[in-house]
Amino acid sequence: MPQDPPLTNEDVAALADYARIALTEGELDEMRAYLNEAMALLDPILSYDLSDVEPTFHPVGGVCNVARDDVVVAGLSLEEALASAGGGVGRYFRVPAIMGDGGAS
Amino acid sequence: MRALREVLRDWEAVIGLEIHTELTSLETKMFCGCRISHDDEPNTNVCPVCLGLPGALPVPNEKAIEYIVMAGLATNCDVMKRSMFYRKHYFYPDMAKNFQTTQGPVAFVMHGHLDLEVSGEGADERPDGTITKAADGSYVLPVKILRIHMEEDAAKMVHVGGAEGRIGGARESLIDYNRCGTPLIELVTEPDLRTPEEARLFMEKLRQVFLALGISDCSLERGSMRCDGNVSLRRRGSSEMGTKTEMKNINSFKALHDALAYEICRQAEVLEGGGRVLQETRHWEPSRRKTVVMRVKERNDDYRFFPDPDLMPFDLSDEFVERCRRRLPELPDARRDRYVATWGLRCREAELLAADPQAASLFEDVMGVAEPAEAQVVANVMVNLVPSYGSLGVGQIAGIARLLAADDITFVQAREVLDALDGTDDDPEEVVEALGMRQSADSLSLVVDEVLGRCEDQVRQYRSGNRKVVGYLVGQCMKASAGAGNPKLFNQLLLERLEG
Amino acid sequence: MTVSLDALSARQIAAGVAAGSFSATEVARAALDAIGHREDDVQAFVQVTEELAYDAAARIDARRAAGEPLPPLAGVPVAFKDNMNLVGTRTTCASHMLAGYESVYTATCVRRMLDAGAIPLGKLNMDEFAFGSTTDSSAFHPTNNPWDLARVPGGSSGGSAAAVSAGEVTISLGSDTGGSIRQPASLCGVVGMKPTYGMVSRYGVVAFGSSLDQVGPFGRRVEDVALAMNALVAGGRDPHDATSQSCEQDFLVHLDDGVEGCVVGVIPALLEADGVTSEVRMALREAARKLEGAGARIVEVDLPNMASAIAAYYVLGPCEAFSNLARFDGVRYGYREDGCSTLAGQSALSRAHGFGAEAKRRQLLGAHLLSSELYERYYLSAQKVRTLITADYRHAFEVVDAILMPTSPTVAWEHGTISDPAQLYLADVFTISNNIAGNCGISVPVCLGADSGLPIGAQLQGPAFGDARLLTIARALERACDQAGVVAPACAGRGGELS
């Protein structure tokens, strides 16, 4: 199997930006080294011909159709909901300016 | 910009829709037992699951799955084997987990279709020759449905510190997670639609089907039904696909039509000017009657989809699907056809009644006491008069129809009677008596004599062979009686006198 | 005459409370006393819940006074890994991200232990968000191995293993994603069980790898672990966890049935693998002989794809971890960087400063592997390799009742001596395949290392839902090795006496 090209600092910066984890320049180097070392550890996966193998997304398979009845269950009070959100405003959770974030909707 | 019909003679518009419908008829959210509500105080219908607290796990609402299967069966979809939930990742605070639970390549239901009947002025948007039209210009368009999948709705956000509550320029945003996790079904059509009118009709028809199923209030104003439309243009005769733009969160039928019409004309202008349509998301601004760019999609977003390990796969049994099938009510098209076949209704009234489950149910109750021969009159009353009134009983509607059918009152008088009846238990017959409305030869004779007295010219014309002038005289009688007289009776009395 | 909690099994404590030999409150006081004397050295806890302990004990004592029958773990001191929610405690995952996070609901596994009458003594240290095998990555402090304070207790459930080994509690709960219960159990000389995936509810346990995580108990005796398992499965499947299954049963019924007629598999090549120390090799060979001596038949088996388990694990684990940890953005809870003008900035800095190095590494690795260009090549392939590994086990378990192998290639090592993350990953070689397949596994102390004098555990792996049988075989091994009930010598006898 051909190897994937090693990640560059630019790749890692894009990844960190996507995953919302700010990295300093030094951390960027360390992270690139780590990711390339970790990727090399995964090589055994690439050595298989898996064309006829079904994936197992859920271990201890065979269980399907697990659902619950449409019945209301008491949830959290407003105080409990907001208890850990230090920046709440009145009845709301609060975030600073979003524009430029580019969410999916 | 050129007019739509002109543009559509040169260009073919390829339109696909994605329609999101909240399953508001359910008691609880998709993956937790929190109540579904549009009106409660912010952040009061929340729990560890829909707030995405550490350690919380989702468990699907079985009835939501019944509902999506019903929606699929009603739109001729296949119920799929081995359907799974997937996680779709994007960092945005309206999703408490920073991923949305949705479905992967295999949705619960897929590969359906809905037939659209397009008639009247709307049919004119489609140039002749691109589809076989009937003598009256109407045509039937089968619209393929790619899939309907299940997902969870996002939280509501309020943007403050900017203009008009818009996100651009806002200083901060406030989040209410009550809506977060509300079951949402997303229907995706194949790009089979070719005119804004077809798109509008598709959404209207889908709404009628979902209303009949009773799975949602389908309120566009409240956002329980929302539509994204995408459109691209290609030269007539070409089979290549153009670059499409997407319009998000359209919240009325008119806006859907107008936004697509605007976008088609805009794209045509760009292309005719030698320009290139950019793949972008646009937003319809009704006040400015135009679409504006929300953002340009340089490349497709990478949502890092993978099957949700917390949710088991679904392999719905034949029994489950049959149970859903048995729960399907009569759908609007079938109901309309039955009204035409059973009571000989005209198509227009049959369709209008059949489209609205409450109206249909009331109509059928009224027909339980009314004479079958009066069905069309009952339908006329239901379509034209009843919607303006708050509470009319089955017997009252039947009574009004009977009076109208017997020519005892006119349509104009019927409104007065309904005004008097609304909110009471009174009998229409008695109200008509009380208001002194019942048409009698004596009272009408006075009007006829008065009209004949001042229309000597027309009387002469009649007697010299111009029979058509009677219509004018009837009109004069109607005018003289302020619309309260029965035109048939006037006609009869006039003829008696003119011939006598 | 005074009795030390060190000497009592869970069943003896519950029986003593039921008989009135001592009260639950006296047990709670003795446990807090043991913690007071030993915790400075061991540092297993991130939070000791004295008030909750006395409240729970008082409720047990009141029930006894009212003549009510007492539940099976009445008065038994327990503590929970700090990724398990319990109302009235902070649930920190040993991370700055959740340093002040107060639970607003209680995990099902914790609830069931409390319903069985257990006394909650506190929350236990761990590797941050369970990423690690040393507990050194805790954002608060390391935990020391009670057998040698200079050494790690293993991880990620290092606090859970150390607290039991040190005799601070009788039973603890941990979670095991790639060996995080069994490995620290081995390094601390206690019994640690990873039940079959789906047997114990994960609801309320902060997720790392949702298809790999499983909650399980630690104890100084197989019997204590079996009793805890009874409590964890009581009430059947948890309606709050769609992956949990109904497994209610009494694990004590056949616990002492012995291994006469049992077939136990061994994989000789595993003992020759790089990094397995000679004392571990010797200990495992001796364990096999002892099982044979107890009546089991030892046969060779093979798990041909086991060598790929680490690679599969380091695809699946990080991918699921990236997804599960995306929610920690400082908006609804957790560490929030104040003063940011944009949301993206606030999230990126909150996550940069809230998470430790390993948590960031695993998330970025996961985000990378899940990108649409790599998804099929790695994630989908790893799920297919999972199919092959599961099939290997299925074939093996057609012939054997359990497979015996090392838990860890070595005994506990000194703090800070292994720092390369990838080297640490390889130490999970014996435990990971079990999580990939979802089978049950248990580590049982078999002896002290001939060279190090430190505890060595043997691992037994059983088929999915063969947990009861696995406990029976583990009990036979424990009896043959005469290792039941040992408190680490440096801690034994320091406080913890029932007056």
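Odds and ends about this structure:
To keep things simple, chains are lettered A, B and C as they appear, and every chain counts its residues starting from 1.
Assume a contact is a pair of C-beta atoms (placed from the backbone, for glycine too) under 8 Å apart; a residue touches a chain by one contact, two chains touch by 3 or more.
Computed from a prediction, not measured in an experiment: that's the story for all the values here.
Averaging C-alpha coordinates per chain and comparing to chain B, the farthest chain turns out to be C.
Looking at A-B and B-C side by side, the one with more C-beta contacts is A-B.
Averaged Cα coordinates give chain A a centre that lies 25 Å from the centre of chain C.
Chain A and chain B have Cα centroids lying 40 Å from one another.
Computed from the mean C-alpha positions, the centre of chain B lies at a distance of 57 Å from the centre of chain C.
Counting partner chains per residue, chain B shows two or more touched chains at residues 48, 51, 59-60, 91, 93, 173, 175, 302, 309, 311-312.
Across the assembly, chain C contributes 101, 104-105, 211, 239, 242-243, 322, 326, 329, 331-333, 343-344, 347, 367 as residues in contact with two or more other chains. In chain A, the residues that reach two or more other chains under the touch definition are 18, 20, 57-58, 63, 66-68, 76, 93, 95-99, 101.
Listed in rising order, the residues of chain A touching chain C in the complex are 4, 7, 12, 15-23, 31, 34-35, 37-39, 41-46, 48, 50, 53-61, 63, 66-68, 76, 80, 83-87, 93, 95-101. Against chain B, in their complex, chain C makes its touches with residues 83-85, 91, 93, 98, 101, 104-105, 107, 202-207, 209-211, 239-243, 319-320, 322-323, 326-329, 331-333, 343-344, 347, 367, 370-372, 375, 379. Put simply, chain C touches chain A in their complex at residues 100-102, 104-105, 196-198, 211-212, 239, 242-243, 245, 307-308, 310-312, 314-315, 322, 326, 329, 331-334, 336, 338, 340-349, 351-352, 355, 360-361, 363-365, 367-368, 374, 377-378, 380-388, 390, 421-422, 425, 436-438, 464-465.
Those residues of chain B lying in contact with chain C across their complex are 48, 51-60, 87, 89, 91, 93, 96-99, 173, 175, 302, 304-306, 309-312. Interface residues of chain A facing chain B in the complex, by the touch rule stated above, are 18, 20, 57-58, 63-78, 81-82, 89, 91-99, 101-105.
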